[in-house]
C-alpha cells in the first residue's frame, strides 16, 4: 500500500505499516474513550466519580487546560495576520490545527460532561447572558467555526485535493482574507478565555475561586487570557518539536521557535507579575474579609502550599526566567524544557482553579472529601488526547503544513 | 440595617428562622420534605455526596472532651440567597440555560429540572451544597411511586434539583385566595418541613411582613445566617444561645468575634 | 434538458431547501426539545381532589393527618402522612417514622399481600386463599386442642392492652394456653415502681407543665413515650428564643438530649440512679425537701430498721455519689438546689437507649426524688393518669389455669412483672416443663426486635408450627409455616393507648383509610376469623363480627365509634392535678414498699425474706432492699479487663421495635450511624479506642455472650470512656428489598438481656462486649 | 476548461427549473406531511356534545368544570357531577348516552376522556388565577370548545405524547390560544398584561 | 438566542452579548460567502489555480 502520492510535495513520510500501527494505538485509546462515552451517556454521570462536592472533575481540568494550550492558534494567528509577523507563517498552520483539535476536543468532552447532552443546545437557545458559561459556550462554538474555516484551506491543500480547481481556488481565497477570520477569532478567543477565568471568579461564595473585580470582571478574567496566550505558543512549538523528534525531520527553523519562545517569555512574565499581585491581594485582603486564611485554603488534604510553589515558582517564574534569556532560547533542549514547564504551569493553574475551590469546603462544619477520577473519566480524557494525535498525525502526513520542511531537509 | 432593607424590592421575601437550640436532629423535616417533594431514594444512601436531601440536617459538635462535649444540628434547606444587589445569588447568575431564576416577587430561587442541562455550574457555585445533581435515575420500584405528590413533578437523571420552599404550596394557597378574594395569610403557606418539625424549631413566613413571626424572630440580635460574611444575603436565619454553635456557622479568623463582622463585599461586582 | 448529475444536484438542492422551508424541520426540532425534557420512565403522579383523614400512628403515638388524592381514573391514593395540628399532644408534629409510613404501606417488596403457606418442597412461601390458610391454622390448633396440648401453643403479641392484645389474650385463654407474651417496655417498669411506692400503676410526667426537668438516662428527645408530644413540651421550654424551662440530662453519652439540655451530667454507665439518690440526699441535708414526704412510710427510721433518710445519709452523700457516678460534688449540689427552687420541677425516668424497660430500683429512686420534691399531682410534676373507661370485651373464658406458665411468671421465680418474649423463648428452648408445639406471632417481629433476638429466633425456628400475622414479610414471617397478612395502621382497625410518660389519659384509634391490597385484613379480624373457624369456646370468647364491632363494644364509653374514628383520638383536656390518694397498703406514699414487702412475705414467710430477695437479684440487705437504692448493674462487674460496655444510641431516624426501616428513614441516617453502604458505625471515646489500638473507621467485631456484629469505629469525644455505643434499628436481614436489607447490624442481637432485680423484666441497657479488630 | 464552461452556460435555465420543481414539491410535502408524520389520533371513548349540555345548565362552563374549595380546578367533572343530572329517568335517549349509562354510569367507572388541553407534568396552571383573578373567559384559551356539538378526535404528538392543542393547529406552530398553548403563548400574554414571568409562576 | 425566545429581554446585557455574537457570526458568514463568490469569479475567469502561491 503506497500512499506517497497523497504526501505533500517533496517530502517523505514513514512507511504505511508504521503509520497504521501508530493509528491503531491511537484508535485503541479512542476505543476506550468510546466505551466510556457510551457508558456515561447510556447510564448517566454516575459512571464518573464526580459528586455534589466535586461537581466538576478531571474533564473540566482537561477542558480548561487544552483550551488554554490551544490558545496558541488564536494568538499566533493574531501575530501572523494582524501584526504581520511573517516568520510565524511557518508555524501558523500547525497552530491552527492544534487549536482546532483543542477546541473541538473540548466541545466533545463538554457534550459528555453535562447531565443532559440532548439538551446541550438549551444553553444557546435559552441563553442566560449573565452567565460566564453562556459566554464560554457561545465563544467556543463560534471560534470553533472560525477554526474550521481556517483549517479547511489546509485540508484543501492536500496534493490530490488541490488538483480540483474549484477547491484550490476556494482555499486560496480563504487564505487571502484570513486576516478577517484571524481577527474575529482573536476577539472571540480573547473573550472566552477570559470567560473561562471569569467562570471561577464570579463564584463569590467560594472564597478559593473568588477574585475581586476590575470594573465588571474579576481578575481571573484577564489572568486566564494571559496565561493562555503565554502557554499557547509554547504548546504549539512543543508539538512541532515533538513531531520533529518523532519524524526525525526538521519542520521549522529554530528562529521561528525562538520567536515563539520569546512571545511566551514576555507574556508569561507579564502574567506572573499580575498573578502574583492578584494572589497577594487575594491572600491578604480578600480572604480575611471572608474569614478565612490562605493557610486554611492550602492546608486541606493533599492540597498543600506546595501547589503554590509549583504553580508560581517551578512552573511560573522558572520558565519565565529561562525563556527571557536568549541563550536558553537558542538551545533546542533548554527551550523545550522551559516550554514544558510553562505549559505545566497553565495546566496546574487550571487544576488549582477548578478542583481545589470545590475540594475546600466553605461551611466550617463540612469535611474535606477526596476525589479521584474513574476509569471512564480517564477514558474520555485519554480519548481527547488520542483524537488530537490522530488528527495531527493525519494532518502532518498528508497536508503541507510546514512550508519550510522541504528546504530544511534538503540534502 | 433593618430586615426588610436587606433585600431588594418585591412584595414578599419568604424566609425561615431555625432555632438550633430546639432542633434535635430527628430528621422529620427531611423525611416530610422528601415525601412532599417526591425526592427519590437511591440504593446506596450512605454516599452522602450523591444523595439528594433538599433539607439536610448537619450534625456538628464542639470537639470538647467528655463530659463537655455537645452536639448540635443545622437543618439546611436551600437558603434562597439574594446576593448584594437583588437577584445576584451565587447560583442563578451562573446558569447558562436560565433553568433557575430569582423570583423578584417572592424572593424564591427556582429550579426548573426540565430546562436544566446538567452542567452543574450552580452546584459548584453554591457554598452550602444545597443544590443536588441527579447522578442516577431515581428508582421508583414496586409501589413506591404510588404515594408521589402530584403537586411536584418528579425529576429525571442528569438535572439539578433543590429546595423550593415548597413553592407549590404557595401556588395552591394563591389559588384559594383567588377564589375567596382574600390574601394568602401566614399560615396558608408553610413549608412541609416547618409543619413537620415536632420541636417547632422552624418558623417560616414573609420576612417583609412585620406581622409574620418569622420577621420578628429574624430581627432578633441572636439571629444569624450561614456564611453571612460571604454576602450571599440569604433568607434562612438561625439562632442559638451557644457561642460555639454560632462560630461554626461562619468562617472567622482566630481573633475575630462572632456577631461583629459585617458581610463582606461578596457579590459586589 | 438532460437528467444528469448536475440536474439531479439542482433538484436535490431544491428539495432540501424546500423541505426546510416547510415546518417539518423546526417542528421536529421543537418536538425533540420537548422529548428531551420528558423521560417516560419518570412517573407522572395523577392529580385529583385532595382529601384529609385523621388517624393515630400506634407505633409512635403521633396523631397524624393523611393527605389523599382522589384520582379520577386510578382511584384514591394516600400521598402524605402529615401532623394533625388539632391533636392535643402531638399538635401537628411528626416523626420520620410517621412521615414515611406510606412507604411501609405501599412498598410491595415489604408487604405480605395474600395468605402464604410455606412449601417444604420448593422452600418458598406460596400464596393461598384465606379459607385455606385459616383452615390449616385452625386445623393445627384443633388438633393440639383435641390432644390436650392446647397449652403448648404459645402466642407472641405486641401490646397487651390494645384491642389486638385483648383479642389475642382472650383467644389464648379460651384455647387454654397460659403462654402468651408481649413486648415489654418502660411502661411496665413504671407501673411496677408506681405500684410499689404509690400503689398507682398509671403515672405520668407532666413535662409540658414543668419548668425544670431532670432526665435520668432516658432519651427524652430521641424516643421517649410519644416522641412528638415530648418534643412539643421541649419546644415549650424554648419558646421564642428564650430558655423558659431547664433540662438536665444524666447519662454517659453526649446524646441529643444531653446536648440540647441546659446541663449535662456525664455520669459513669449505669449510675443514673445513684445520681438521683445523691440529689435526694442533698435535698434532705439542705432541708429543701417537701415536709409532707417526711410522713411517708419508711422515711424515718422505724421498727423494721433504718429509714430512707438514714440510708441516704449513709450511702448517698454527694461525695459518695460523686465517687460512684463521676459527677462532681458541686454539680450535684447545684442541680439539687435548682431542682428544689423551681416550683414546677420533675425528675423523669424512662426507657433506656435500646428501648428496654429500665430497672425497677432506678425508677423507684427517681420516684423518690419526685416524692421529696413533693410534686405528686402538682402541675409540672408526677401525675396520675385517669382511666379511659374502656369497656371489657365481655366475660372472659379461661381454660388456661391448669398448666404452669413456661416462663414461671407468678411463681416464686418471678413473682411480679409481665410476660416477655425472651423469658418465654428461653424457657421454651429448655423444654422444661414442656415443649412448644405451635406459636402464633401476632403483629410483631420478635425475631428481630426482641431482646437477645438470637434466642427468640432460635426458639421460633425450633417451633414445629409457626404462624405469623403481620403486614410485612419480616424476619419472623420468613420462618413461619403460615403467614397471614394484616394491614398497617393506615388500612386496618385498631387502637393505641396513652404512650409512656404522658401526663394525660389518651386513646388513639385507627381505621382503614384505603385498601391498598385486596386481601389484607385488620389484625383483629384475623384473630376473629381464626376463632370463628375454630369454633367452640374460642368462638364464644370472641363473639364479634369484626374488629370494628369489637372496638364499638370497647369504646362504648367514649361515644359513637364512627365519630371517634373520624376524630381518631380521645385525649383528656389536661392532666389530673390535685392531691393524689395513694392506693398503697398504708394509704400513704411509701419509701419502704409495703406492696413489695407483702409479696416477699407471701413467698417466704417473715424469716426467709432476705433469701428470697437475694434470689430475685437484690443485693442490698435489710430495709434498704425494699427501698429505692442503687445496685450496680451486673454488666459493670463484667466490664474492664479489655471488655467495654455496650450501650445503645437511640434515634428517631430509625424505627422503634417491630416497624420496618423505611427507605426514607434510611436516607436520613448520617455517617455516624451507617457508612460505606452497609456498615454499622459504633461510637467510642478516642482514648478508649486508642487503648484498644483502634482508629477512626477501623473495622471491628463487637462480641458479647449473646451475639456479635461487625461495625466500623467512629471516634466521638462525647462517649464515656470504656464504652461502645451502637445505633439501634438497623441490621434487617429479611425484608427483601434493595434499600434496607443487610444494612448495618442489629443491636438487639448483640445486647445481652439480664433479669432485673425484683421485677424480673429483661434489661439490656449495658452489655459487656469485646471489641476486636476485624 | 472551456467546454466545461460552455456546457454550463447552455443548460443553466433548465437546471434551475429542476431546482424550483424540487423546492415546490418538497416544501409541499413538508407542509402536507408534517401533521401526518407527527400526530397520531386516538378516539374519545364516546361522543359528547358540549352544546347540548350548555343548554341544560345555568352557569355555563362552571356548572360542570368547577373549582374545589381549596381553589384547585376540577377539570373533567367527576362521575358524581354527571350523576346530578343523569340520575333522572329516562336515560339512554341517544346511543351516546346509552354507552355512557351502560358502560360508565352504572359501573361507576370514570370516563377516560383524553384531555385536549393537558399541560406537561412540570406545569402548574392555575385556572383560578386566570378566570377568577384576571377574569378571563374560558374561550380565551379553549376557544369554541364549549359550543362544540361533538368531540373531535384527540391528536397527540408521536414523539412527545403531548396533545396537538398544545403545540398548535397552525402548521407553522405560530399563534396563541386557543390554537396553540405553548409556553411562549403564556409568556406573551403575561408580558402584554404585565404579569411577572418568574419560572415559579407556572412551573412546579 | 433569538428575540422570539421566551428568555429574551430587550436590555443592555442582551444587546451587548447577542450583538457581539451576531456581529461575529455575520463577519464569519460574510467572509465565507465572499470566498465562495471570489472562487466562482476565479473559476469563470479561467485562471490557473496553481499559478499563484499563497504565501
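Read from first to last, the chains carry the letters A, B, C, D and E; within each, the first residue is number 1.
Just so it is clear, contacts are C-beta pairs under 8 Å (C-beta built on N, C-alpha and C of every residue); 3 or more make two chains touch, one makes a residue touch a chain.
All values derive from a computational prediction rather than experimental measurement.
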Intersection of contact partners for subunit B and subunit D: C
Contact-richer chain pair (by C-beta pairs counted) among B-C and D-E: B-C
Chain closest to the middle [Cα centroid of all protein chains]: B
Chain centre separation in whole Å, for subunit B relative to subunit A (CA means): 39
Inter-chain centre distance, subunit A versus subunit C - centres from mean C-alpha coordinates, in Å: 63
Between subunit E and subunit A, distance of the C-alpha-averaged centres to the nearest whole Å: 25
Shared interface positions of subunit D, touching two or more other chains: 70, 72, 120-122
Numbers and ranges of subunit E residues touching at least 2 other chains: 6-7
Residues of subunit A whose C-beta touches two or more other chains: 116, 119, 122, 125-128, 130, 134
Touching chain combinations (by label order): A-B, A-C, A-E, B-C, B-D, C-D, D-E
In the complex with subunit D, residue positions of subunit B that touch it: 100-106, 108, 110, 112-115, 151-154, 164, 167-168, 171-172, 174-180
Subunit C residues touching subunit A - in the complex, by the definition given at the top: 32-33, 36-37
Touching residues (chain side subunit A, partner subunit C) in the complex: 116, 118-119, 122, 125
Subunit D-touching residues of subunit E, taken from the complex the two chains share: 4, 6, 44, 46
Sites on subunit D touched by subunit B in the complex: 67, 69-72, 120-122, 124, 126, 128-129, 132-133, 196, 198-201, 203-204
